[in-house]
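Lettered A, B, C and D in written order, each chain numbered from 1.
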Amino acid sequence: MAGLREECGVFGIFSYEPRDVAREAYYGLFALQHRGQESCGIVVNDDGIFNFYKDIGLVNDVFSRERLDSLGKGNMALGHVRYGTTGATDRNNAQPIVVNHIKGRMALAHNGNLTNSYELRRELELKGSIFHTTSDTEVISYIITEERLASPSIEDAVNRAMNRIKGAYSLVIMSPAKMIAVRDENGFRPLCYGKMPDGSYVIASESCALDSVGAEFVRDIDAGEILVFDQSGIKSIRDHCGKAPHKLCVFEYVYFARPDSVIEGCCVHEARSRAGAYLALEYPVQADVVVGVPDSGLDAAIGYSKQSGIPYEIGFIKNKYIARTFISPGQKSRMNKVKIKLNPITGVVSGKRVVLIDDSIVRGTTSARIVKLLRDAGAKEVHMRVSAPAFLNPCYYGTDIDSRENLIACHHTVEETAKLIGADSLGYLSVDSVKRIACGEKGRGGYCTACFDGDYPTEIPSQTQKSRFEKKISESKK
Amino acid sequence: MAGLREECGVFGIFSYEPRDVAREAYYGLFALQHRGQESCGIVVNDDGIFNFYKDIGLVNDVFSRERLDSLGKGNMALGHVRYGTTGATDRNNAQPIVVNHIKGRMALAHNGNLTNSYELRRELELKGSIFHTTSDTEVISYIITEERLASPSIEDAVNRAMNRIKGAYSLVIMSPAKMIAVRDENGFRPLCYGKMPDGSYVIASESCALDSVGAEFVRDIDAGEILVFDQSGIKSIRDHCGKAPHKLCVFEYVYFARPDSVIEGCCVHEARSRAGAYLALEYPVQADVVVGVPDSGLDAAIGYSKQSGIPYEIGFIKNKYIARTFISPGQKSRMNKVKIKLNPITGVVSGKRVVLIDDSIVRGTTSARIVKLLRDAGAKEVHMRVSAPAFLNPCYYGTDIDSRENLIACHHTVEETAKLIGADSLGYLSVDSVKRIACGEKGRGGYCTACFDGDYPTEIPSQTQKSRFEKKISESKK
Amino acid sequence: MAGLREECGVFGIFSYEPRDVAREAYYGLFALQHRGQESCGIVVNDDGIFNFYKDIGLVNDVFSRERLDSLGKGNMALGHVRYGTTGATDRNNAQPIVVNHIKGRMALAHNGNLTNSYELRRELELKGSIFHTTSDTEVISYIITEERLASPSIEDAVNRAMNRIKGAYSLVIMSPAKMIAVRDENGFRPLCYGKMPDGSYVIASESCALDSVGAEFVRDIDAGEILVFDQSGIKSIRDHCGKAPHKLCVFEYVYFARPDSVIEGCCVHEARSRAGAYLALEYPVQADVVVGVPDSGLDAAIGYSKQSGIPYEIGFIKNKYIARTFISPGQKSRMNKVKIKLNPITGVVSGKRVVLIDDSIVRGTTSARIVKLLRDAGAKEVHMRVSAPAFLNPCYYGTDIDSRENLIACHHTVEETAKLIGADSLGYLSVDSVKRIACGEKGRGGYCTACFDGDYPTEIPSQTQKSRFEKKISESKK
Amino acid sequence: MAGLREECGVFGIFSYEPRDVAREAYYGLFALQHRGQESCGIVVNDDGIFNFYKDIGLVNDVFSRERLDSLGKGNMALGHVRYGTTGATDRNNAQPIVVNHIKGRMALAHNGNLTNSYELRRELELKGSIFHTTSDTEVISYIITEERLASPSIEDAVNRAMNRIKGAYSLVIMSPAKMIAVRDENGFRPLCYGKMPDGSYVIASESCALDSVGAEFVRDIDAGEILVFDQSGIKSIRDHCGKAPHKLCVFEYVYFARPDSVIEGCCVHEARSRAGAYLALEYPVQADVVVGVPDSGLDAAIGYSKQSGIPYEIGFIKNKYIARTFISPGQKSRMNKVKIKLNPITGVVSGKRVVLIDDSIVRGTTSARIVKLLRDAGAKEVHMRVSAPAFLNPCYYGTDIDSRENLIACHHTVEETAKLIGADSLGYLSVDSVKRIACGEKGRGGYCTACFDGDYPTEIPSQTQKSRFEKKISESKK
């Protein structure tokens, strides 16, 4: 699925004894790589000394064995993977951000998006502050630092800072002696922690990163909670809990998270499979085979198959070396591009009525190509089913949805879209259903579905400010 | 599946007009990357001038846009991907091999393994020949060159050379004016060709590479056939056809080839699915769910599920960034290593009786880890089914099977193996069945199953020679 | 000469038309490479958009053709080369620093060292400022930004900032529309400007950089002067001129600057040659040949030879590929290390009484090795002459002199030192003479010689603050 | 000096105990880097196992610490540096060449050029041999291998091979148990050996490489000599000694060798200085200052100064970082290019009558630029003196002299040339004098001066063959 990007994954580890925490951060980030492929970084805390490295690139390109070794041992480490922007990439924006200040050193890793960062930035600059990046994380680090000057402890400063920063933030903050996990009052982005056999604690955006280092899942950080890990144990500060409705981004289940992660009590694979089952109920069709678009459509395809009784099959082979930089063919051979990444298995679809499952349609061009691939491979009918509602609104909480101009659903009915992409029929999952995919009753309930239905759970940036801010950012981008 | 390696993939393109054939070779090799990940190379033929580049690394690491551009335009290109050896890699062994000789320039790309290369090499060295690599391909290039001195044409030299070289070889040879595809008399390794919309011809180890450049599959090269492409068209030389029984390596279907490839009339995915179905017939079991080990066990898992009626599920998530170099955790955390590459989806297997499908068991250690992953995730029972017979014999035709010492099936009964890997039951596909997975009746029939049953279709290297040769090679490896 | 480092070189270009200013900055920095070999950076100003790249490494390693091209065209560029620290290098400290602020963008490149940066940093941090580097340049950028909030123009802000920053600074500042050159009130570090045939202006630490881009030298920036280049021409702000005695670092002539540079009216080569002549007057000796230690002792050796009448010769060959990273031999073969970098020409010194000229003795170990090289090559006598006085005091203005503990002159008399390094005699240039090497009468006069005689022209950091500051820096060094 | 290239430097070490010979080869090659900057390689012999690495690039770029370590320990090592071709570089041509053959392994490093390589290559190819490179070294390795089949020992094979190969070759050959140094019958290229304090032997193109590893010079290998080092000591085979007149390339003294090297009893610096003195005698002039073009004109400038009494001065500063890849300015700013590499010291030449010494004039363009630099810096007169005769003929022994078309001396008188380069007068050293620069009487006498006077000491390649061969090579160059 093109046109969508999440803002980052975070990983922290707190050990009671110095050891090779850099390597564990490496495995954790590797498990979270799907949340950000532009840049990554690791900061190791060796008794108050912060050794770090960050650069543009995938985790296993940036961190060679030598690089990891050079970070040394420590009792804490903080890591981050960042999403990829198109065009020029900026090494400066890589995280974690490390701050050296008279009141103490601090490293921050952030996932999410503030809704008042323009105002905060303006306020800070007018006091003489200088920004080196265009990221919200630097704004947060300033606010915490300001509050720190008047606070007895870093967690106190974070608590105060939460009164000023608005929007979506799952943060991990490392001070010389503490590791602190923070989640915004609505809980937009996931954050959980686990425990290793030796008693160390691990904080991560998703539970799959806990698994990768052998940590056992303990629980999600609550919305509004500040959780402090230090030598004396764990402390939960809950002043901001319960102040706002719980609003986890439902798209974490639909697209962002890894299927083996469990978020707020619900396994992502099962949520997607359930989305497929709901789709089968909402849009049944007579067909011979159900195939998913790899990788993100596979889980829902299984759900559709089970619910409908139509056999599940592997319809496409995705080239598994594609994760890396790749030289695109020229414009005239765009069709090939799809075949290079994705090739249909002719024997599976030839002469068949095919149900094709994907997790979204953004501009429609990719979907059109995939439908054509199936037709060229001999499919008799292609019925496309999308395991999420159509995108109609911008997200201010960290999902980088394409512009309204490009979103096919903003300009075309479902029937028109089906025609445009060449499908015999098309169905999007209903908003009602998508709210229930993550085990509705059992879960803590409350999902943000604003990108589908425009129901924003917070104040949103005023249009003028937003566009002005966007302009500013694009200008200052190097 | 660890412990098995194929020897290479080949790709050639013959165009009637000069154009960016390097880029097409790049896409073709990218589609064949699974056949060799150590090194790769491309030779472009620009009206008799051979421009080439080869190096250690994956296709999209070795060939940047600048590198491709530097190869220039041409009307032919020859490419190769080579398998990865453990330990020291040798840039010298990268292919294609380019030969500059008084009788003309020539480039060769080879997939397979000669059975008489020790004798040929010895004979050549005693005449004063010097070898720069340890590869069979260099031996082949010498033999063709020798024959070339007395032959009116290169295809004639190739035809004569085929009387001297024994064993497995799928070759593509490029001379200043011709592209030649050659397959050994038994047809051990696949080789096919296709046609592009503009009339260009493409030769490749697998049809998925034809798809990637938009070429339409024409047919497989026949066993023993020499197929010559030049400005006057295509010419087939069939002097060596029908001289030996057709013996395509059955492991191409089981493991090597990409599921979307069609080899000798049979789709690889379907062959694997059929293997799964046969397994279900041979080793039925009461269970709740069928899961495959990604990626190579997935196709057979679907076949098993369909045949048995036990629901198919996604049991594991494989980290999709793993194709790249990766820093292994230390010895003591080997268990983690599996979780870093492969993580079970707890919700799918917890409390279930699981049928686990993989395509082979080599040493048993990986299988043991995967079974343990399922048990740790709460599986009540684990029934392992292997979609191929057990390895019991060495392969002399290009598959690098682990040593007898390491092969678990050489030392343990099926029951013992099940116990060692921790499975409740274990079943290998029978040799009879594996011979039928590739559409038995419809196919041209005749598969090499020597690694399973010891039935070698050719004379094999004498033990003394073999061990001496092996010693020599390992010594001269840099 | 080991143990001495200068803090950086700066280069700016202001053109009236957009063009390939990045390439000119590249040539300028290449000419200034001797002033800083750790890291480098270039910022191109394309009508207010700042495109930049900076990294660790030499100029021609960091900037490939592609990298330069990616910076695009513009009408201004600012560049910087930074000195090399031992041990861990920090990409973060690379310059120029680029600041994006509500009052406008700004890039700074700095050569020198502030004496009150600890106090300024503390004051800023207590207001909530965050520092990302350990460099004075970031402090300066904060001070200018603070003043900018209350100033009508950037040059006004710079003018005010000069009331607050103390010590040595030669700065070039680029705003969207202006290029500004600034030199501290004492003029510790050199800074000059020139004009290109097309009317563009070039600012550089040394005139050799003007030569490299074909610019004609106009004049030095005066001590305390602010020189503003914009579309309307050049403006000089002289509020800070004449407020303090002129105190150019004399070591610029002795060691830092390139011999072909002309600083404040005096050619560096001639100053060194004059130092050699003074040495010959102060420490005459009966000898057969005068040789200099390449490269920095050669100029003085010529002066000594001319004054004394003893023939000048090439005594050593320095490996010209040594500028690059180099693998050091182990401890036991340290003697070789010198022969790898420097090899004596036996025929020149064998059986001769040799006068050996170098520009400094720091720890004495290198000098001892060089004397031994001459003796091993057959020199009968070795008389060492040093073209500067002995180091006895720390420098607070940007020269990183070795610690007192390591300085041989702090612990040994001249006679003792001669014995320790194995020389038959030794002479340091007197402080009185070194003050006259740069054309005394003709020059503007006034040199800082504090490292030799302890005569600091400014208040120096209080010992407590200094050591605290030093501690802080070393801690926060990553 | 542009337009001239030497073919390579060789280095071998033979130790009686295994140790880090790779590092010593590294230092040796680093000292010989001036003889070849395109590619380099090292082969370590660990009890018959040959570990090697070779690549395009400078010694300290190709060999990192890790790379050297990966070569392991051994009791012999062989190294090579190769000259740089313009345009496409070919990793294949890097040396040493390693040959794995049934009669034993062998590594070769070669400096020189065969005169009958076309014939030998043709003969070998017609027997079926295949060549992978375009280098003479591969031809030599074939001839030795052929002879090896009928010889009791490798030195015997080398001895027989010497009957077949013609032209210039200084070779070092490493077999599993022996290190062999060979020099052609005329002794065109230098080769010497030395002894380390621990009894190890070192063979090198120049004595400066012996110095760099702490070896003491023993003697030059004689023309025609085969010197064998093995566990039983040193053996000299002299069957080819005295068969041809001694004809060391005089250009080794004039340009190729490092000034600190001693070749056949004469120090290179002194030979150059003597050339300068002879120049002063042949072309005296009234002038104020003598300056040399760095680096190769400096030694002769000192000789000219001493003989004439005109003071020697440093006239130019050469950027010492230039050894590395460098981005050239565009065509229109070619003048700058010289200023980037070379900048005159204005104070030294302004208002002066300058004698400018260089070691050659090839096309004249560089000389013209340097003369202009002096004039622009204010020189009143420029008298150019060249410390070698003018090039008029091609070299078949390893010096890559520009084509006749480009050589200015082939088309212009001395007076015309002076005018073309803008000099007030011009003088080339006479052929008679150049023959005496290397201590005439004391030396073994006999120098090849064919490039100056056309007096070829051997049969030269027939014109037809030569041009055909050249064509062939250029075609097969990738």
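Note that in this section a residue touches a chain if its C-beta (ideal position, glycine included) is under 8 Å from a C-beta of that chain, and two chains touch if they have at least 3 such contacts.
As the structure is a computational prediction, the values presented were derived from the model and not from experiment.
In summary, the interface at C-D recurs among the listed pairs B-D, A-C or A-B; the equivalent pair, sharing over half of its contacts by residue number, is A-B. Note: centroid distance chain A to chain B, computed from Cα atoms, is 37 Å. As a whole-number value, the distance joining the C-alpha centres of chain B and chain D reads 48 Å. Taking the mean of the C-alpha atoms as each chain's centre, chain B and chain C sit 60 Å apart.
Multi-chain contact residues, meaning those touching two or more other chains, do not occur anywhere in chain D. The touch graph of the protein chains shown is a ring with every node of degree two. Within the complex, the chain A residues that touch chain C are 48-52, 98-103, 105, 121-122, 125-132, 134, 141-142, 145-146, 149, 475-476, 478. Chain C makes touch with chain D in their complex at residues 23, 26-27, 30-31, 33-34, 58-61, 63-65, 68, 208, 211-214, 258-260, 262, 267, 269-270, 295, 298-299, 302, 306, 311-314, 316-317, 319-321, 323-327, 329, 333, 335-336, 339-340, 343-348.
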